[in-house]
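For reference, chains read A, B, C, D and E in written order, and residue numbers begin at 1 within each chain.
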């Protein structure tokens, strides 16, 4: 199936070329980092992790996009998600790869990374994070590939894959939990030292991940014949809305605990982030942007009228992504390191080179998504699954009334358009 | 059975130097004479075989066309320049991809039959493992061969040093483990297991298919043994190898017998190479279905032995069918033919 | 011999190889496993023209123990083998470099449909390679069995006969081979050797000899040919009200049109032929056909190089006689493989000075891609006309068909003509659906009747080999309601109907130009109520049809 | 055929197994031929007591840091990516949890030497994914720079800010003519910190800072009730940094 | 020979590449290559273990030393003769072999080996 990624329009190749240019440019900076060391970053004695690890944290959430589609389909037999599953799984593959790459570029001696395996250390959460992310990557490659391949071959999914799918659903929760544990178990880091951190990670992952996926799929719809079923979109949006509500609720719990208890350690980080401390106000505008974006997106997502407005939806999702990124991808990490163990503030802001290397990894992720989505949409098109109808509906929209009954016959026949999806028993 | 024979052969090949050098002290023979001979035989055999191929002409242009031809209207029908090349440059690109990326093997699928609720299904699953492990094996072999230049060149050129460094970048153990060593063994084991496990492939596999696999595996494992377990004296070995390439052959003391096993297996490989299917290495360059452009409709190709065969002439044809043709109103070149043939 | 049902046949396929090694496994010579041997007089006839290419004309049967080979048959075969090693680099190379990786194994339609390991291309070639090693290489002579070598024996020759006439030379294995080893090439060599000792099949020899004498494989004599063409002109008149011209053997025209004789012989080929005639009439094309060169196909390709050259040479010599500037070729598979790969090399020197690079007289397009062969494929020609808007088409006349397209192996893997016919079909039909990827274009599956195998006596073998194509066809039939498989090959038009009846009942087969003929609006035509098959067009169904037109 | 294959696999398996077993069989002759240095100091729980009554200014602490950094080839970098094994810090940075507005000015204005606490319950060891940081039986939290992959998790884990990372090539920031030739430098990309002079203890010497402190630092074995440190701890009021972190530091401060 | 030119060219390139080491050495190596001669310590005749052992297994020993000293805290090595040595690359090995360039580098250069010892450890001749 991989060869399908080698055939595409000139627009497809232009996009691939664009990504490769970014990858090459970022790669050059990475070589520079490997030659001179991590001094090219703004990390320091006090802020020992920076943009790289914060992106790992955020992208683990993107991996959750898969489970929010897979779970309703497999656990609740929610049919409209049927042809969306593969995209969730493929997105998770890209997310896991990006996570792993962010670890590799972050470590000082990458050539020794196999020490993690040669000297396995179960008491280190980083060891478990490696296991869960690699495991989730493997499970998604396996389940995604096997299912898509069997679809393409016009066969039902093999029975042996089912346990792996179930495991992958459960496994998805572990990657957020373990990544949260990475932070959550450190003494003296008050901002992270909260039992609700793992729950916050799950909540933000379950809104941000599907939000990104939904946006990417909206783009996919524009450039391919793929069309999401309306019901699946509505359900996913609902999930995003609820998860964001929970996410913000958890955040307010943190605020309450810190300020009502009045424990200085718990207050300091929040105060630094939202008001500034010791003359350092670097993050204040960003954190308030987070709050404003969060409120705006909730306003756009909670009332059903607004939520189901497909014109508005991309904006709401965009705001949600910005909000969660600022919260989890920026504030969480810097706020955790500051105030430092010496109760001082050591500002951190990613350098241009850090951003270039990060851009490289994002480009690699985008490349993986592009290639995998290309393959998946190609196969869907060949099979006639979830294809766009002239009326704008998807072939999976069983209640499509826009064009009347003759819709799926004449108009789209000239194209390689699919016939009506036969009532296939679920595999 | 074929696999067992091959394995036994390779074991015997290991035992020969083990006894000859270990007990018989034939260091010079196994360190100098045999490698020289083998290298010479390799070169001669290799060239001789290619010349043998080259002697046969290429009467016709018969490229396999794996895509759209060059059309009279290249705008409307876009040519697939890689799979259906129409000029030398495109053909060279096709060959490069074939040789360096194993492009045809990348297409590989595996067919299977299924009885489903909807009826019988012939399914073609994507099957790229052979491609992947073949790539791993061949590239590892290539890197390992280049890396060995450190023993044959003095001073060692930068690219050999760089390759050595990159190959050991993961800093595992001392001396550092080469990644290519692991990959070549993985590649070989896959190729071997595939032959043993897949009934179809086992059915077509000959002794000559297993033997090179075991032999190369023996070469790789003896090399690994030398480096990581026996920890042979590399500098002494370099004196020997440099002696070979400067035509000043001698065998310094203190070289472990495992080195002679390794060299003997490599020598066997070199001698065996031109006699065997391993000649697919140069052969792929000469494959007439890949190394020619599909340009016969607009470029004349010469068959040096084109036989002088003419069609049955129209004259004979008209003579044969003349009366009937005339009756049917078909024009005749020779009106004489319209008459019914006289009884001769 | 009763044919198993499609389901039974499918269930009977087993890919597990037998317990005995392939050299020890005996070959089944029961009827049904081989095509009838060539009739004595046909071989004698051809021998009269090409004495060195054919041997030992006689009556014999593969069923018998004694094949009545000439006493020095081994010498003849071995000398022939050696001669061909010296004449064809491809053969020498393909004998030497196969690594038996098995990538080709399950690419062959005959293997997929039969599970017989000797139908794996690698093993098919090994049948010959083992002899090569045993007779021509030092290692093989010394180490014999260890290197998979053997010496030439009668059993081997018999095995060759069975399995090299169970290969349709479709080249699908070659596409997947990492070294481009082309089993078709090996099969051709084996068949040449078999011909040297008079081991050949009638289904190939008879057409080849017919073609030499009458100008076409079917042995249609010139006056009969004219009659048939006239019948078709009548039919066209009945359907359209227009009497089209059908010039034969006329001198002084710009274009010589040559199509396989299958197209004038039986349906569904004749409908394509009618399509050609209508198209040329519409264009008022300055062309002629020929009874002397009334065959595009070339069964010499399935016999030996000599016969191929001899039969092919008629095209240029007839163009010269008639004074044509270039040749337009009809829809045929192996005809185009010969034209693309061999014609100019073999017979280019026969071209007369009047021949020039083909130029479409209607659009002015110059077909530079056929500058030396001077031959244009009819779909190239028609596609050019469509692109320039020169045709007046009503695709809705093909609305009763949901069409798919079968790429014939020869035009796809021996030429690369993939998009031109699709372009034509999509312009003359409203419903077009491709069969699944991996079974079309360069990966297309053979009709299992090519290279002279489209004969009744091996029907089960053909149907087995037709499984991959049939299964892909069945898929689009069920999914998209496809009921018509178009193709651009006369052998396809002959072999695909039984295949479709068996694996995907209900699907018919047509040539691309039948669809063109249906859609083409001729000047001054009467209202068309039926298509070329004289089936009612939508809106003109008979009263007893219970379908009611929507607008009435 | 099948039988042959089984035999073959058995045979190949045996051959492979013998290859794997052989080196181990050869190697297992004797235990590692090593022992401890006869003059080395042996302790069960090394600890240090800092008398901030006598050692409490930048000027007083600087020579200690100098002694430590020169003996261990610790570079000095003028940036927030500095490497520090021992350094001086004000009260509010040293004991942020133990402040009150009315603290004795003298105590408040003192400078305190900070270093790795060699905790009883070290978070850095807990989080290290490769066991590059480990706790020795004598309580010293040691580092294996050969194994460190530079993930800096230990730096996030340490509540005392005792660890430094070699963001750049350390030799760039060292006076190469004044290196201690007896001790290595570190390479780029690994974390480092105070090692309680484990290399000195092993040959019977006291840590460099202790030697340089003129008695303001007391070093000894907490497990030995008769040791100097136990004596000092018995006789003085001492505090440790961030007791709430539960790490049980081994560095005590006499206020 | 059909396409003989291209084939001959290919053969020449291939054979040329295979023979290039012969030419390369003919250009670079003055006379016959000999193993590098190492500058041995003047005042010490015996290494901690036998010559053969040190020649081939020193890297393994150094790795073991590292773990024994650093991780096990055992810093005295007892050799096969019962003689004791302090485990230290810089303070034991390099005290006798007091010139890395004349000792370590000689063989390492010829064998194309670049061990990473010296990323941290300081060579006796000092750093520049």
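Details
Keep this in mind: a contact is a pair of C-beta atoms (placed from the backbone, for glycine too) under 8 Å apart; a residue touches a chain by one contact, two chains touch by 3 or more.
Computed from a prediction, not measured in an experiment: that's the story for all the values here.
Separation of chain A from chain C in touch steps, taking the shortest path, is 1. Chain closest to the overall centre, judged by the mean of its C-alpha atoms against the mean of all protein C-alpha atoms: B. For the pairs B-E and A-B, the larger set of C-beta contacts lies at B-E. Chain A and chain B have Cα centroids separated by 44 Å. In this assembly, the C-alpha centroid of chain D lies 33 Å from the C-alpha centroid of chain E. Chain centres here are Cα averages; for chain C and chain E they lie 68 Å apart. Chain B has residues 54-58, 107, 118, 121, 124, 171, 202, 286 in contact with two or more other chains. The set of chain A residues that touch two or more partner chains comprises 112, 154.
For chain C, the set of residues touching two or more other chains reads 89, 475.
The part of chain C that touches chain B in the complex is made up of residues 6-7, 10-11, 13, 15-17, 21-22, 49-50, 85-93, 96-103, 105-107, 112, 117, 120, 122-123, 126, 137-139, 146-148, 171, 174-182, 185, 212-215, 221-223, 226-227, 248-251, 291-292, 305-306, 309-311, 313-314, 317-318, 321, 339-346, 348, 365-373, 375-376, 380, 383-384, 387, 412-420, 423, 438-439, 441-443, 467-468, 471-472, 474-475, 478. Listing the residues of chain A that touch chain C in their complex gives 4, 154, 382, 384, 413-414, 416, 418-419, 422. Remark: chain E residues 1-4, 7, 10-11, 14-15, 18, 21-22, 24-26, 28-29, 32-36, 52, 55-57, 59-60, 62-63, 107, 109-116 touch chain B in the complex. Listed in rising order, the residues of chain D touching chain A in the complex are 79-82, 84, 89, 92-94, 96, 123, 126-132, 147-153, 155-161, 163-169, 187-191, 242, 245-247.
By the touch criterion given at the top, residues 43, 46-47, 50-51, 54-58, 149-150, 152-156, 160-161, 164-165, 171, 173-175, 231-236, 238-239, 242-243, 245-248, 252, 254, 282, 285-286, 304 of chain B touch chain E in their complex.
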